[in-house]
Amino acid sequence: MQAETIRPLKFGLHRFAAPPEFYRVAGQLIPWFAVAAALLAAFGLYLGFFVAPTDFQQGEVYRIIFIHVPTAWMAMFIYIVMAFWAGFGMAFNTRMSSMWACAMAPTGALMAFLALCTGALWGRPAWGTYWSWDARMTSTLILFFLYVGFIALHGAIDDPRKADRAAGVLALVGVVNVPIIYFSVQWWNSLHQGASISLTRAPTMAITMLEAMFVMMGAFWMYSIAASLARARAILLERESRSSWVQAMVS
Amino acid sequence: MLEAVDLQCERGHRRLFDRLSFAVTAGQCTQIVGDNGAGKTSLLRILCGLLRPTHGEVRWHGRRIDRVRDEYGADLAYVGHLNGVKDDLTAAENLRTWAASCGLNVGGDQVAEALRLFSIDQFAQWQAGHLSQGQKRRVGLARLAMPQQARIWILDEPFNALDRHGVETLNRLIAQRVGGGGAVILTTHQAWQAPVPVVRLELGTGRPG
Amino acid sequence: MIRTLLAAAHRDLLLGLRQRSDVANVLLFFVIVVTMVPLGVGPDKDLLRMIAPGVVWVAALLASILSLGRLFALDYADGTLEQIMLSGQPLSLAVLGKIVAHWLITGAPLTALSVVLALMFDMALVPGVTLVASLLLGTPCLSLIGAVGAALTLGLRGGGVLITLLVLPLYVPVLIFGAGAVDASAGGLSPASHLMLLGGLTLAAGALAPWAITAALRVSVE
């Protein structure tokens, strides 16, 4: 419907090409990442549980570190990536970037949650308490709340593009605050707890321990990409359900 | 003055309009026509810059409005469904604070004159929350009667809740605005006797009238 | 430029004067919440003196969040927010003006009330003064950060709880340095570094928050 014809804007074409392309390519990539995750996890767990030596202070229980530390790092890393893509989507008004940020959030929240749980499970046998309010764990808990806030805000807004943008602002504000929060929690912890043992002071690392940790990092990274791609495809289907390419696929 | 380029609007999952392009020139009055739900309010809000179109852009004197928000805002007066009137302030205070927020220097007599034009000057010292719907509407519309530099008026159902006298006053103001080289874009579902020649833009089919 | 800020502040102050009961309710909330804690932990003076900074600060956080509902929601509901956004003046200045007014009618009275609360918890003079100073420096930051949350949740269901969920994690540094300053002075140390960090946070928020708030407002108004 036009009152006057004005020459079409040049980005009119590829905005429609992107979603079905993404859907197809993502669908092809997911199995590769999933397999990579499984293989790396198997290898990493083998290294961690059978090859790395027993710690002379903590015995066998320290081995949970091979899940705890990678998940804690992934939680932080995913938040930064998520904020980057949300910001990119807002700056250049691209739908796919914001959608990708939205797809990553639950995986990031899961990583934070796993880090908290494994940290608690480690804390009990190693230091006698499930939760000791140390700086790293408290920061991870606050990071978890930031994820939950992002997901809650996104869920509270009906229009998907508006939800993407609002949650994007929140993610950018969050990512600027994360270093400040981390620093302030460190400060708080050092003031109040003095010289108490921190859950994050890992036992002196044998080379095999470090290797196992890197491999597990890789495993969680591959898993996060696979999970995010799968979720992104689901979100894409839902948002573009009325468009022709989805209808063609379904029928 | 104002140009809509290839506008597309989707609300929720509905596509309201697509590939909509038109221009508004000085001295022109444009009426957007369409059924309920056709996207008239959305189009007006896109033209103001309050709503982002899913595709396309709006240009003011050739420049994208999201790049020159402040200058465009100074040249624009918008009356939407909501009156923009604070219940806890008096009618006069509402107009004064609005003018101050726009950076306009208005005196008390100019405020009184604007209220008089819409026959609500006797309510000038009444808190707006005590006024009727029609009276509140007129306080909101009285903004248009204040001295200002806005040359483009975008009005969404401005005649709602107005009596015959109010309609006459508004028509006069619109005629003055258009005659003075400005532009008025409005929607109204009422049978409207336009005081000036009108360009009709129909949503739903997109054909100009 | 500064006129826009003053105009916005003036309007909101005028409104605050007309809506006195709303304002008073927030202050009452502050006092009541603080009163609940001794009822929960017992009247042991030493214990109360020790937990006072944290309790007062947490109550200040909650009262601040509660008061944020008034910041943009009323303007959004009656259409005044749109008019501000279309006024032709920089939105960030109008927003700062509103936040200044908001602080004057909630943050500043909160800070003043904290003197009474310091007495209730039998705080010594120096920690008491530090408490007031920390609130004076920190409550503007609470208003600024909270305004981001208020702008993001305009018109959404589950409003009040949602704002709390979004904003409290961001309040953590302010809480830590604010309460930490008072703790330090209660322990005989200088609170200077805490207070400086707190001031730094407020300045940084004053510089950065308006960008986030205007972005959030433009999204919410659609």
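Per-chain numbering from 1; labels A, B and C assigned in written order.
By our rule, contacts are C-beta pairs under 8 Å (C-beta built on N, C-alpha and C of every residue); 3 or more make two chains touch, one makes a residue touch a chain.
Being a predicted model, the structure only gives us computed values, none of them experimental.
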Quiz item: Any chains in contact with both chain A and chain C?
Solution: B
Practice problem: With contacts defined as at the top, give the pair, A-B or B-C, that has more of them. | Solution: B-C
Exercise. Return the chain whose centre of C-alpha atoms lies at maximal distance from the corresponding centre of chain A.
Key: B
Practice problem: Name the most central chain, where centre means the mean of Cα atoms. | Solution: C
Quiz prompt | Whole-Å gap separating chain A and chain C, where each centre is the average of the chain's CA atoms | solution = 31
Quiz item: What is the distance, in whole Å, between the centres of chain A and chain B, each centre taken as the mean of its C-alpha atoms?
Solution: 46
Quiz prompt | CA centroid of chain B to CA centroid of chain C, Å | solution = 36
Exercise. Indicate the residues of chain A shared as contacts by at least two other chains.
Key: 159
Quiz prompt | Multi-chain contact residues (two or more partners), chain C | solution = 222
Quiz item: Can you list the chain B residues touching chain A in their complex?
Solution: 5-6, 11-13, 17-23, 54-57, 201, 203-208
Self-check item: In the complex with chain C, residue positions of chain A that touch it
Solution: 90, 142, 145-146, 148-149, 152-153, 156-157, 159, 162, 165-166, 169-170, 172-174, 176-177, 180-181, 183-185, 187-188, 191
Self-check item: chain C residues within the chain B interface of the complex
Solution: 3-4, 7-8, 10-11, 14-15, 18-19, 74-75, 77-80, 82-91, 94, 221-222
Quiz item: Which bits of chain C are touching chain A when the two form their complex?
Solution: 148, 152-153, 156-158, 162, 165-166, 168-170, 172-173, 176-177, 180, 183-184, 201, 208, 212, 215-216, 219-220, 222
Exercise. Spell out the part of chain B that touches chain C in their complex, as residue ranges.
Key: 45, 48-52, 69-76, 78, 80-89, 93, 97-98, 100-103, 127, 140
